[in-house]
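Data block below; observations after.
We call the chains A, B, C, D, E, F, G and H, going by the order they appear; numbering starts again at 1 in every chain.
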């Protein structure tokens, strides 16, 4: 927090080159780059360990490319874009070396970080249809420097499928449990594993799944300890949280 | 449906002792016994295979005793009373040979039917606190002539507890899965068993369990086939349904 | 459960050809066939009496055909595909002898099982618009070996329509009550019949029907005994449950 | 609306005894009697055909008695007090000739109006527990000059009980259908009767009845024509509406 | 109810030409005409005073025309079709003399009944956008023989607009209050008028109107006496109910 | 309120040229101009300080132009049209000098009022996607004579962005806080500022944001004093309220 | 913001008596007084124009007295305590000159501020039962220096009661509309008045009022401009906001 | 997983002392101790790193003491009991050296583990009333071997309180953000900190907080990365999860 600019300001206070009022104003000022439609937060990478992520939904391809360009100019690598539809991906890909993942609807500009976490992040899904959300989680974790093991379609209605992966579950550093409908996967994995479990409800389902509400409530009510929950369909959030945990005490 | 009374009425039509209008009215008439506060349905036992059950909640001890007495006079045996609090049980027990089960808050007057179903009804619960609802289900099934196996506190957060009962699960004719909170028990059992599963959400829990809503939605969204659901805390309904299924094709 | 493969593993333990650790790992392993997008559960037919059903929604025609082919190779017959839209049906029909039912949006590959249940499964609907869900239930039950009687458009606003089918209702082995809007059909049938009733709320309606919520709550609150409920629009689940019940004690 | 006071004011305008501004202010003024805690609306009886009703809940016994006294002084007869608990009834009864109905928690001061409606108002309930709400409706209708036929405990789970009252249903001028839980009674009666049906959902029930929400939604979604709905537990509102309808075109 | 057919059956019982069992079955039978997709209820006109109405939503143009034709063959006049989109109207109009009202999305085949009610039915709306629902109500009432006064766009945010129609409000026999958003119109009119008010919430609005939920709750909670509510957007139901009330005691 | 027309009527009473009854009717009458589809409220500008605003959604371009023309004829300036889509804007723009703002979907006919409020209105948003709602608020405030400072994309996840605008926040007369998702912006600004804060939840978000419900509840529960809330996405309402407050005591 | 302490710190930077790091830390430090259970915010009075208010609910009498004492020591006058039950009031009143208002459950220590706002704050309620919330609003406004006009029991079901106060409504600077049940009062007043309206939904009601949800939604959907909403039962918040508005540009 | 008992069983297979079937059954069997009311899971400590926790709510003091005793006999230390009311604490304390924390309603039998995590766990609350939930979290974390820093009453309505703790926030290993009402604390801390944040919504609040729903939704929708959520009031779950994360890679 006490970076060079603050020291500079205090130096100016010391040598009297700025007034007190000016000093306070400058202490509050941050190096924003005003693009008209969004303030890109370049300090964020320092503070949070990774730069801001571009949430593509509701932005025009031009806005996305503009924000991504500004980030790259500041040296952020990789730049991650979520909820990026194929058309916007084509547009952005024309200007940058974009690696586009269609299932996850994610684009990654630049190099993926080398795996440097404590262990592996397991991403498990209840069904085939939960895959897009799971891929968003998995790719996010990979981009942030985690070894990821995918364990798809291991829903609790066929428990033996899940149990056949017991080895991976016991070895995991963090597990991301992605499931729609009844969302029981989080509880079952939470009861088996001895590592933190991040539960991601998905909006997959029909009728009384009420667009993910059923899975969300189920996961929040999990009787297993060591389970916490992110927003419905928030694969990115789960991948980010998992990466944070997997890098705990992992060194400088 | 075409019992002696109807034949009698048609006979009266035939011999002209009643008018057409009178005939139609009588054809509609049923042998009710009007007690002022409730019409006891004596034909129900014939139609549904078991007499009406007294739902004690919201009735005075006197009303409960009155209804029970009227049922017994008509020969119903046993008379089942649900949601019966201890005070009302004392009152009713003063007049009838009542067998009162405090955990389940049920009273049974008369003899339990001998087990005559196809197989066993398994009643499983996720936690200790689900026991009152589970007991209502179990006692109902027993009263209606079913062998019941209790499998309590086998929630999915400790999956091995459930798996250690695999034998009973595979042998069951019907399984009643009682669970609050995340309600995952129904899905897991539904995936393991090859018999019908009746899921009973309970209002046990706190916070986002929203008085059973979480478990209810979870159970309705079960990905396992062969699972259906009754109302929150409706142990009686599950026991009754299980008994019906366990007696399918079981008799003369 | 103790099939030949387990015996084989124990034999290997006995003759020392595998280590203890290896034995435990193999005991956990199941014969999955990993297709990349889904783990097809071939043991399921043995365990549940019928093989897994393909839920077509959210899968590409190619994925559906791939899963169906894998099932057929393993000998499953018939293969049932639900929520199959006409285009996907054309694609799948190009490779397999598919019998496509447009109203129910179901496809069936192979022979329907001969009716071998205890009695008949009655499928009743409240209105004309509930027919797609009802057909999904009816066809599922037929495919699984049940004689089905359809009783459509017998909603409670015209009670005499329902009462005119009293004979079928009294003769049924199981009744599936399909209704949207106020969902009263389940209660009325539940009060008339003396067999289990599976209630299916539908999302048909407008305004305060809230996409099936009204019918769902109404059915869960049914005062009639012997009624249980499946998810909104889950015709398949009801047909499957009904078939299970109709085959109770039906023989080897 | 153009009563004597208005004529008086216009007269004063005409003879110049008041200014224009004064005239407008007086034209707006109404003969309220300010009691500090409530403005009693004495004109209401004229406008609505019956005086204001005292809603006792949340008022002190003293407030209730004060309002009732003011009404009587103005000549209102009878004065109806709803949601009146026994203690408040004792207090009010000390000052007025109060006829207190404990089940309905209603108090009536003064004479009941003679039945002068077109026909009879039928009040039907689904179960014994709905009786308090039904009595509030029935007594309200009686107090307002209607002949009332009570038809209690005729829920749809025992349809023949309802059908045995077919005569009364066909003869009714208006029917009030009071039911909790699944609320199907309104639809069934609406389908049978050819008169307006006022549906009253009750908060009776448990679990997924969600304090009357289930019955409310069910009644709003009734497929029968000629059914409208009042608030949960609003027996008074239903009785008032029924009386209005039963007095349509009934006289000078 | 005791029509000629019943007399005939009893006659046959009397003269022995049918068995008791046969008699009971015939007594239950009704003159349905099974069209495969819907059972048209021809007795309904007799029982309810008007024939069944065709709810066009979710039916194919062919189905609608088929049902309408069957009704006309039986002599129903007029035949009312609600939720009829323009394309289906063109199709039906090719075979029948259809009067199509686009705003209300209603079609009427045959002659409108002459106004023969007690008084006028006032249809009031809160805003311009509520007009389609209001027109469905108004046209329904007109088709069923009521004089209708339209009072559109008199929402409570501009109270003087409403008050300027005071004459019509005081003269009305029944008032239908149609409003979305906050739904206050019903309460305000209910407080002014001394006739029954049928409130129709509409799904017009955005944000916290939650598709009509806000207006629905507001109307159910109306503090004014003599207000009852129908389903969101159910203009037909309100018009039908209003007509029933406006014909109370209106004579043979 | 006591304008010339009322005086005129009273004069007519005085000189006997109209009857009492006529006087009362005229006193109730208002100068409406009935256009068939909407009653334009020309008195509103006088009463509320600004003329009625045209809510474009659900009206045809022709209706919008008609209402706008009527307003202008009466001298309203400017005429504000909200929820105006580009096509309708083209249509309206053909007849009037329309200034169309695409992001805000607003059209303004005529001159903007000069800033004449007490101070500045700050419009802050949590994210880029909240901009359309924010622009509706900002343009409304500008049209009504307020100096507006835009402070976009200052969401609480990057608190320093917000704090860097501390000067503007402390200087504001009123602040409009526009945010979707978790809606925390309103609380944080409410805690920092010492002026009234109008919170506008937006429907921006996914999953458990439930179309703005999350932000709405969050804002209603704000622990900061001096925060009140308008409907989800109601930028106009916030701008209007802010203008009212910013003009308090501001003039003659 | 740039008070003496900050200048002091910058001075220390200038004269080298503290390090840069120390300077930054001190710049962040605030003069809290840590009482163990709550950090009393003494700066708040400066920043917000009034000191923090004590929310008594969920605090022990001792905690309340402790916080109040600390506030008074710092010179805050008056100290306002909301949600203060009578027992806690007695306890607090033993140590301080407490003015306790039982209906509003508020306690005020010290002198009320003299009315110094622009105009009057009108507090209107729909019914007698809304009085406690209204009193909390009225007393808050009075304590903060506003002239308050109470207008209780003017609900829209008796519109003339409200209209008879037209003078006060037109004269008001701000209006607080307090109503439960259908909450229509806010819309009606919003349509009549030309000043800002703060709407307060109350939890008064039963059935479908759902503890204030109905009134809340109704108020948020108000079609009248210039209406904003605070939390259910939040009389204090409304009074505070009204006071802020009534003091706009009012002072030196 | 391959502990001595499994090796023993395989040894028995090898030496033929048990049959294949017997082997499979024993492989499934777990060392449960059946106490009638609950199956205590002694293996859990091994699998999850800490023994099962006793959830006291809904259990009798005798049941709690029984379970605790069984745990201690197996060597679990400490035994944690949550939701333990004072009376039950007295009962349990009579038999065991119980350390009872009344605010948190937690009891701890045995020694607290020495802090051996990576860093500190910060527990922050929005208000004084959130303290019980926060204490449950803090004590849980302490009992499981974490250094805990309490940061109470730092809600976002007084942002400077929170910012004055910036040092602790930046130094934290994990932060638990506990807040009711609008729940904005989690987002603000999530934006400031660069460590994982576990958000705990509390049921503190009134009106539209809907028993914690508002805070829950707000937290799930947090725009800050690295935030996940547990059930409403689930302090234990948050403390447990935080401890898991704080011990990542912390051990031998």
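Here is the rule we use: a contact is a pair of C-beta atoms (placed from the backbone, for glycine too) under 8 Å apart; a residue touches a chain by one contact, two chains touch by 3 or more.
None of the values given here were measured: they were computed from a predicted structure.
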Pair exhibiting more inter-chain C-beta contacts, E-G or B-D: E-G
Recurring contact interface, reference B-C, options A-F, E-F or D-E [over half identical by residue number]: D-E
Chain centre separation (chain D, chain G; CA means) in Å: 38
Where chain C and chain F are represented by their mean Cα positions, the distance between them in whole Å: 54
Multi-partner residues of chain F (each touching 2 or more other chains): 1, 158, 166, 192, 207-209, 213, 216, 220-222, 225, 231-232
Contact set on chain E toward chain F in their complex: 128-129, 131, 152-154, 158, 160-161, 163-164, 166-167, 204, 206-209
Residue ranges of chain A touching chain B (in the complex, touch as defined): 126-127, 155-159, 181-184, 187-188, 190-192, 205, 207-210, 213-215, 217-225
Of chain C, residues touching chain B in the complex: 1, 47-49, 53, 118-119, 166, 170, 173, 192, 194-196, 198, 216, 220-221, 225-232, 236-238, 240-241, 244-246, 248-250
In the complex, chain A residues that touch chain G: 1-2, 6-7, 10, 13-14, 16, 20-21, 23-24, 27
Chain A partner contacts - residues on chain C that touch it in the complex: 25, 28-30, 32, 37-39, 41, 43-44, 57-59, 63, 201, 203, 212-213, 216, 231-234
